[in-house]
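Chain lettering (A, B, C and D) follows the sequence in which the chains are written, and residue indices restart at 1 in each chain.
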Amino acid sequence: MTTEVVKTHIVVAQNASGRNMNVPIYRMQGSRPGPTVYIQSSIHGAEVQGNVVIYQLIQRLKKMDVCGEIILVPNCNPIGTNIKAGEYTLGRFDPVNGTNWNRGYFFDEEAVKRFARTVTPEESIDGVKKRFRSHLLNAINKKLAEPWGLGLAQQLNLKLQQMAVNADFVLDLHNGPVSTRHVYIPEYAKESAALFNIPHCIFIPNVFAGALDEATFCPWWTLQQQVKKNLGRQVSFGVEAFTLEMGSQEVINFKEGNIDATSIVSYLNAKGALHSCDVTPDNMLRIGVYLRDYKTLFTDWGGMVEYLAKPGSPIKQGDAMAQILNIDDLDNENGSRTLEAPCDLIPILHFPSASVLSGTQLYKVFTNYETLTE
Amino acid sequence: MTTEVVKTHIVVAQNASGRNMNVPIYRMQGSRPGPTVYIQSSIHGAEVQGNVVIYQLIQRLKKMDVCGEIILVPNCNPIGTNIKAGEYTLGRFDPVNGTNWNRGYFFDEEAVKRFARTVTPEESIDGVKKRFRSHLLNAINKKLAEPWGLGLAQQLNLKLQQMAVNADFVLDLHNGPVSTRHVYIPEYAKESAALFNIPHCIFIPNVFAGALDEATFCPWWTLQQQVKKNLGRQVSFGVEAFTLEMGSQEVINFKEGNIDATSIVSYLNAKGALHSCDVTPDNMLRIGVYLRDYKTLFTDWGGMVEYLAKPGSPIKQGDAMAQILNIDDLDNENGSRTLEAPCDLIPILHFPSASVLSGTQLYKVFTNYETLTE
Amino acid sequence: MTTEVVKTHIVVAQNASGRNMNVPIYRMQGSRPGPTVYIQSSIHGAEVQGNVVIYQLIQRLKKMDVCGEIILVPNCNPIGTNIKAGEYTLGRFDPVNGTNWNRGYFFDEEAVKRFARTVTPEESIDGVKKRFRSHLLNAINKKLAEPWGLGLAQQLNLKLQQMAVNADFVLDLHNGPVSTRHVYIPEYAKESAALFNIPHCIFIPNVFAGALDEATFCPWWTLQQQVKKNLGRQVSFGVEAFTLEMGSQEVINFKEGNIDATSIVSYLNAKGALHSCDVTPDNMLRIGVYLRDYKTLFTDWGGMVEYLAKPGSPIKQGDAMAQILNIDDLDNENGSRTLEAPCDLIPILHFPSASVLSGTQLYKVFTNYETLTE
Amino acid sequence: MTTEVVKTHIVVAQNASGRNMNVPIYRMQGSRPGPTVYIQSSIHGAEVQGNVVIYQLIQRLKKMDVCGEIILVPNCNPIGTNIKAGEYTLGRFDPVNGTNWNRGYFFDEEAVKRFARTVTPEESIDGVKKRFRSHLLNAINKKLAEPWGLGLAQQLNLKLQQMAVNADFVLDLHNGPVSTRHVYIPEYAKESAALFNIPHCIFIPNVFAGALDEATFCPWWTLQQQVKKNLGRQVSFGVEAFTLEMGSQEVINFKEGNIDATSIVSYLNAKGALHSCDVTPDNMLRIGVYLRDYKTLFTDWGGMVEYLAKPGSPIKQGDAMAQILNIDDLDNENGSRTLEAPCDLIPILHFPSASVLSGTQLYKVFTNYETLTE
């Protein structure tokens, strides 16, 4: 049994030469019913490993029996991918104005609350889902048609969200700077942590900060809460969205991409997107943390840094995290000093350059973390 | 009568060479009592005209009789000033992460509400002001001492805000890209529009988006509203804060700087910061608009643009705003096309480059504007 | 009588998304014999006015009776056009490695000398030209086929030079930073200065530094000199190449583009590329300088600058060129100082930002200039 | 026995805030006579490991008995160190104009030839060296005093060269992008390859392209050749200069820095700069190549790349060098393809980003290399 891949392109921007910038869309429509899945990669231009993951996924999925539909959008930001500054890719933000490419998705909390008031005690879950999807899509379309226009990042985000909004499961593939694999999971979908083969899990609350995962789950989570509040009715729409951080930026690796693809296949299989597929999650150590305990360690000094603490390896309070070189004191005892861990922690990622100004995000770390049990 | 200028420096950042980046502070302490004034310039590195305005102000003020204290901080962002990308200054945001240099000031609405509940019906305005200033400064100091640290832009902002928080009048000097002079005024201080010689005035609501003017007036405005709500007591603290946009970025002009200095002297004089000064505001046309009517016109195409509509000159609906060149159709009638004004408007600023991608802020314009009467 | 415009596209690069970057080519083949003309614009991405000039040229030429062939390539650098760094275009060099986009054209002096030795006393000029063109094209093709590959700028340059190498007249349209109109002219074609309506003319020697004009005329000039040296035969091949600087970068202006088009039409007409065309050069003041007298004034200080000397307006030794603001001395007599002209000069262009580091090209100026007589 | 370290600072530039940018100079003057050694690091801002090497060197040397003088200048480019573009350091070129920071040193071949004619058959080597040093320093000083000024990179280079010109041994510490350790050696000093513990050696001819090592050895090499040519006198001045590439950019590592310091100590010891020091070069495999066989492999396509060939590991013709992902063909057999080695080679360095445009320096490799015997 195989599933056909249909490829189209959509235009997401136009460059200064007046040329359309388009993005490939790979769609796999299964012969059986099932959920809709939306997976994109590289909204941040330097975070390229997700493109390989999608490649490996397509290679695998086309030999499988897909249920429902899987939509895959690699390299979804053709502007961010192609802004070089020196040898690296200036991919996190619009070089014109600094706008993060992953902060312009749509969510209108008040509109969701108004919608919630239209839900009746007897309306079926499927009926609500269908109506709400239509409501969300209309809202996105209306936003995109804003008569005075929108910024580039927001236009791009909304054009992608037009596709993602119909999905039951949304995976946004990212990378950290120098990073171990980790995943952002909405608190209500905490159980899904065990469905991926990703060792580090961050549970995030129902707060919208502009990213695709939040823009996907916040409406459904809010609707769920409102329906409960309004009607006392406990509903679950089963929509889930995740940001998966597949290692370090600026690097692709085909073998690791295949391992990552397995991780995603195991999630999709558990969610009913694949028929007679025997891929299941690994039996492995998974560590979880609430977002409030996922800390960023900023410098209050500038200098040059060796990163001693390695992403993924737990360290104890007082252990050396970094060794700092002080250019003006190479002849005395201040030439080098050690930065110690302020508490027990797991480094998840660190800054990718040895040269840091004051106010640099040196490390992001898990504190107060716990082992997840299945 | 003259006033002495005392110059000091404060360190606001450290670079990757481990060197302190400092900022000059010019203080003029009058012999008479009076308000505290805080004026800074160039938080956005390419917006340099304010530095000349401060120069001209100092030249003028040192020959005057200052009441209270005037604190002037030119070139307040030594990082943003010195990031070149090509011949221009990449001054609006931190090149590492895209953070706007003017969005990290401090305001905690809930803390203000809590403070408001400590105000009694009989406490004097001066007493409240003194206590509230102390509260705000403590909060900023506490934020700066955050054990995991803060980002560079926020550190810089808070170090400046430590000085600004004590002021009655705060002026933050900016420039637009290619721009006519305009000023942002909190709605409650609408009358102050007539105290500057600035033709275009934007009235902004009590909403915090991170800028210094908002960070300065939002606490006082909120406190005022809460005290009224809690106690039914109508109070006015007389604190005002403005963002002044002194023309176009990347340019300095000493003559215009002197004219701008006159405008500020007339405001300071009206506010009691100068003794026996006869500088008064010009009798001139001033046009005002509410922030909701200050529109940004984005492109939904990319191409090359001649900006026909000039900042400051009103145009009618349907008038030509821009002429667009289409590189791929130079041999036919689509080679060039005209963009028309969607309504009557005054262009205030436009993008500084002929080359635009889709999603570019082409123009910012006044719509539904009105002439201000004194 | 009209001339048809035939539009094609050639691929000059591929971006990181794997997409072809192409360039439009407009060709006008006259019904009568005549010279081949090659005109390109925007090899430096921020220098966009030439695109409008080509637009206006096409509008004009298609109503004329072209002799020979005119090839027009607007926006010839699709990479450089689309690299934004802040609001401006980082168009002068490859952002990956700093390579100037206008320094990778081909010229091999030794190969020309070897070719010269194949010219016989009796070979016709046309015969030599034809053989030499073929030799040059082969050399460019061979360079492009270099088995280990070539850098991006060089690949782009050579693909353009494949077209330009066949032309008798090559015009490369550029802009200065903030600049008056000026033109680079090979010394041997000094008389052609009077055929353009451009007030400032720079005469350059037979030295190759990588630009298209040099890459075009150096081979012919060298061949001419070698033939004279080898055979004592005085030959002139009539090939000319110019870099035209059409005002300031980052700006387009349709009206000025039309004036510039007239200037080029008058040159083309004088060179026999147009039949029964009555456009002739203006009777105007033209000023010339040898390249050695076209001086760059660098700063040996950093600071903020008002450019007092305006491009195109002659000033005397000791006249004020710039006013410099010194941030750390705003309270004393060092707060501002004047930079004086070191000799009589005409400023041709100045740096486009008020903020300069030490070692900045503040002005480029004509010294020891002379009025050209026709 | 110890040697004292004397620290001073020199100003090499001024930023747009008008502030001096200085550089630390560490000098160790031995009590015994001996050679003068000059070592600098980080002329390219992202190449920071050399700073750690100098730190480790100072720690080691101050416990040793230095003969002559050792001058160490870490972080010698305070501008390049501090230009961030995204998280990385835009350190290879001046962001204003693209000028490589390592191409503005001084060498005037004609002046050396003129100087050579002043050398007499009987003048002592020491006498010639002293006179020539004085000649070179004068020429550099004169260049720096150029009345119209110089560009920033050239000013910086010449200020450093004022110190380096007096040295017998000059080491310029660099890094490659992702790189194994290698060293550039002038052909005449080929024997010195065995004095460092660096496995890959590139022998370069007497050609000046602007770098410090060339600027140091070209004058002496040229003088040597001219004296031989003019007088038939075989002289050797013993001046050597090297560019040492200490691994990958953007990274510092203290342990490897100590190993690198040992390598340099062994060279200095062999050259008589250290008294009673027992550090000698390792007995190790060293591979050498002539510069003409040190090839750059450019791409003629754009895409995303996994670098399979690892710097330092020899591969055979036809072996896989890279795996390339093609975003638009993820559903078919063109989704990924392999790039094969065009011949037997040792990859020395590769591009540091997976995302490449056409014309990217993918790899630099040794071809036709040979094992060096001691």
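In this section, a residue touches a chain if its C-beta (ideal position, glycine included) is under 8 Å from a C-beta of that chain, and two chains touch if they have at least 3 such contacts.
In this text, all values refer to a predicted model and were calculated from it rather than measured experimentally.
Shared contacts of chain A and chain B, meaning chains that touch the two of them, come down to C, D. Counted by C-beta pairs in contact, the busier of C-D and A-C is C-D.
One inter-chain figure worth recording: chain B and chain C are separated by 42 Å, centre to centre, where each centre is the mean of the chain's CA atoms. One simple way to say how far apart two chains are is to compare their mean CA positions; for chain A and chain C this gives 48 Å.
For this pair, chain C with chain D, the centres built from the Cα atoms lie 35 Å apart.
Shown for chain B are the residues that touch two or more other chains, namely 15-17, 19, 75, 81-82, 84-87, 89, 92, 96-97, 304, 327-328, 355, 357.
Against chain A, in their complex, chain B makes its touches with residues 13-19, 79, 85, 92-94, 96-100, 147-156, 295-304, 326-328, 342, 355-361. By the touch criterion stated above, chain C contacts chain A in their complex at residues 15-17, 19, 75, 78, 81-87, 89, 95-97. Within the complex formed with chain D, the residues of chain A that make contact are 5, 7, 24, 26, 45-46, 48, 51-52, 54-55, 58-59, 62, 72, 74-75, 81-82, 84-92, 177, 250-254, 304-306, 323, 325, 327-328, 330-331, 335-336, 351-355, 357.
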